[in-house]
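The two complexes that follow have chain A in common; it is paired with chain B in the first and with chain C in the second.
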Partner chain A sequence: MSEIKVDVRGETCPIPLVEMRKALRKASDGDIIEIMGTHPASLKEIPMAANALKVKIISEEQQGEVWTIKLQK
Partner chain B sequence: MTQKIIYMDNAAATRLDEAVFEAMKPCYFENYAVATSEFGYSQGLEARETLAEARASIASALGAAPEEFIFTSGNTESSNLALKGVAKALGNKKGKHLIVSKIEDFPVLQSARSLEKQGFEVDYLEVDDLGFVKLDQLEALLRPDTILVSVQHANHEIGTVQDLETIGRLCSEKNVLFHTDATHTFTRLPLDVRRIKVDLITVSAHTIHGPKGIGGLYVRRGTSLEKIADGGFQEFDLRAGIENIPGAVGFAKAVSLVTEEENARLKVMRDRLIEQVITKIPLVTLNGDPEKRIPQNANLSFHHVEGESITLHLDMYGIAVSTGSACFSRSLEASHVMMAIGGDHERAHGSIRFTFSRYNTMEEIDLVVETLANIVENLRRISPLGKQGGV
Partner chain C sequence: MAEKATIIVHSGDLDKMYSALIVANGALSMGMEVSLYFTFWGLLRLKKGGLSKGPLSKLNLFGLGRAMIKNRMHKANVASLERLMADFKELGGKVIACEMTMEIMGVKKSDLNEDLIDLYGAVGTYIQEARDSAITLLI
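Right after this comes the complex of A and B.
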C-alpha cells in the first residue's frame, strides 16, 4: 500500500479533478491519494466525484487557502 | 471504474459490429494478397474482385457508379484530397478562390487554411444561430475564379443538416465544384448524387460501426482532381498506396447493416433525451435545429456549468460524452462551431454532445438524464450563478 501525493495548488477547475482521476487510475486498491489544492470549488467537487466512484474519503482539511483531501482506493 | 459503460460519443468512434469483423477476417487470414492486375496471380485477382465488390456496394448507396468512388484512410484524408486535389488541378487553370463554411470539421477547415498559406484565397461562409449556412451570402461570394465550395452535409457537433440541394444548384449554375463532408450523415440520411448536384463527398466507416482507418471520396465523373500523395497508381490514379481491402470490405458490410428502422430508433432516442433534459433540468439550451438534425445527435448547453466538469463527472458514472468546451487545452478556446452560431463563451463551454448508436438503449437514455440532472444540480450548487471561481 503506498501513498500518492497530488499537488494542484494554484490550478482551477477542471484540472484538480483531472489530476485526481489520473492518480486513481494509477493507484492500486488500498492506496492512499493525498490531493492538495487551493481552488475552492474543487474542495467540494472532489468529494462529489469520490462518492460517485465509491472511493473512501479519509479526511478533508483546510489551512488558510490550502486544502488537503485524503482518499483511499 | 468497473461499472457498465454507457458510450454516447459515437460521432467520435463507434463500436465495431461483429458482422463487420467477421466479414473482414478472411481478408487477413485467407486471402491477404494485394489486388493485382489481370496478369498477376489468382489470389491477387480475387483480392481485386473483393475490392471491386466493396466499392460497387458503397458507391450504390450514394447512387454513384463504382468508378466514382475511391477508398481513402478516412474522412481526414478524403477532405484533404477533395480540397487540395481540386486546388492542385484547377489552381493554375481556373482560379485560386474557395468557399468553405465556418463550421466545417477540421479536415476541411485546416485544408483551407493550408491552401491559404499557398496563395489561395478562402472565404468562410457564415451560419445563422441554428447552424444553417447563409445561402444569400454563398450566392454573393461565388466568383468566376471560384474553384470549390465545401459545405458539410451535417455538423459534427450540433447536428444541423444543410440544404445540399440548393447549395449544389447554386454551385452548378456558376460552374463551381461542390464538396460535402458527409462523415456524420452517410447512411443516416438520404444522399443520392443523381438528385443532388454534388461533385465530391467525404465518407467514413468509423461513424457507422465500421473499422477505423477506412473512408472514401465520391468523385463525380469528369471532376478536376489530382492526387496529393505520390506513389502507385491505385484508386483510378487518385490515391496512391496499397489498398486496405479488409477495411473496404468492413466498410461495405457496415453500410449494408444500417437500416431505416435503426435510424428511426436513433431519432426516438435523440428526441427522448432532448425532451427529458429540457423538462428535468433548468437553464438548458438546445444547440442546432430541433428538426433538421441528424438522428443520432443531441447537443445541449447547461448554463453556469463547465462542459468539462460535466463530462468528468459523467465519466465517474461510466458515461462517455463530449463537450464543446476546451479548458483541457488550457487555451480557453471554445468550439468554433458554437462561437459561429452566435453562442457566447458560456454557452460554448457548457455544451455537451450526446451521439447515439446501434448499441444504445432507451434505458440508457433515462439513466443518463437522471445522472446528468444530479450532476448539474450539484455542480451549480458548488458554483452559484455568477460566483467567482466556479467550476
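Right after this comes the complex of A and C.
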C-alpha cells in the first residue's frame, strides 16, 4: 500500500478532477491518494467524484486557500 | 457497465471546443464512458495541428477577440486544448470522425491526426453510442 501525492495548486477546471482520476486509475486497491489544490469548486467536486467512483474519502482540510483531500482506492 | 456520455462536436469554434473537452474530461473523471463524435466544423479541428485553430463563436473581431481570450486564459492558467485532448485519450475517451464530413470537405485520413481517432463512422455509429447514453450533447 503506497501513498500517492497529486499537486494541482494553481490549476483550474477541469485539471484537478482529471489529475485525481488519472492518479486513481494508476493506484492499486488500498493506496492513499492525497490531492492538494487551490481551485475552489474542486474542493466540493472531488468528493462528489469520489462518491460517484465509490472511492473512500479519508479527509478534507483547508488552510487558507489551499485544500487537501485524501482518498483511498 | 459504466454510464455514458456522447457529445456531437459540430462547432470548431475555440470556445466550444473547450466546452466539449471540459465536459468530456469531467465525465471521464467522474467515472463515465465518453464518446466525442466530430462532424462538420468540429471535424476540421482533428486535422493535424488544428485543435486550437478555431475562431471565437462571438466577438472574434477578426482574431482580436480570440487573441484577448487566449491571453486571459493563459493568465488564468487554463489548460490548452492539446493537453485536454491528451488527458481525454489517457482516461479512455473515444474519438469518432464523421466520414460524410470528410467526403463533403475533401478531408483525407492522412490530413487528420489519425492517432487520436478511434473510429470512423456515420449516423448509425452515433446512434449506437447515444442510445444508451445518460448524457448526450450537441456542441
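Convention: the second predicted complex is superposed on the first by the 73 of 73 C-alpha atoms of A that agree within 3 Å, B and C clash if a C-alpha of one lies under 4 Å from a C-alpha of the other, contacts with A are read in each partner's own complex, and residues count from 1 in each chain.
Note that in this section a residue touches a chain if its C-beta (ideal position, glycine included) is under 8 Å from a C-beta of that chain, and two chains touch if they have at least 3 such contacts.
What you see is a predicted model; the values in this text were computed from it and never measured.
Using the contact criterion defined above for the overlaid structures, shared-chain residue A:52 touches chain B and also reaches chain C.
After overlaying the two complexes on the shared chain, residue contacts for A:44 are found with chain B alone; chain C is out of touch. Of the two partner chains placed by superposition, only chain C is touched by A:22; chain B is not. Of the two partner chains, chain B and chain C are each touched by A:13.
On chain A, the patch touched by chain B and the patch touched by chain C overlap at residues 12-14, 17-18, 21, 25, 48-49, 52-53.
The touching residues of chain B, counted against chain A in their complex, run 1, 306, 308-309, 312-313, 315-317, 327-328, 378-379, 382-383, 389-391. Those residues of chain A whose C-beta lies close enough to touch chain C in the complex are 10-15, 17-18, 20-22, 25, 48-49, 52-53. Residues of chain A that touch chain B in their complex: 12-14, 17-18, 21, 25, 39-42, 44-45, 48-49, 52-53. By the touch criterion stated above, chain C contacts chain A in their complex at residues 22, 25-26, 28-31, 76-79, 84, 87, 90-91.
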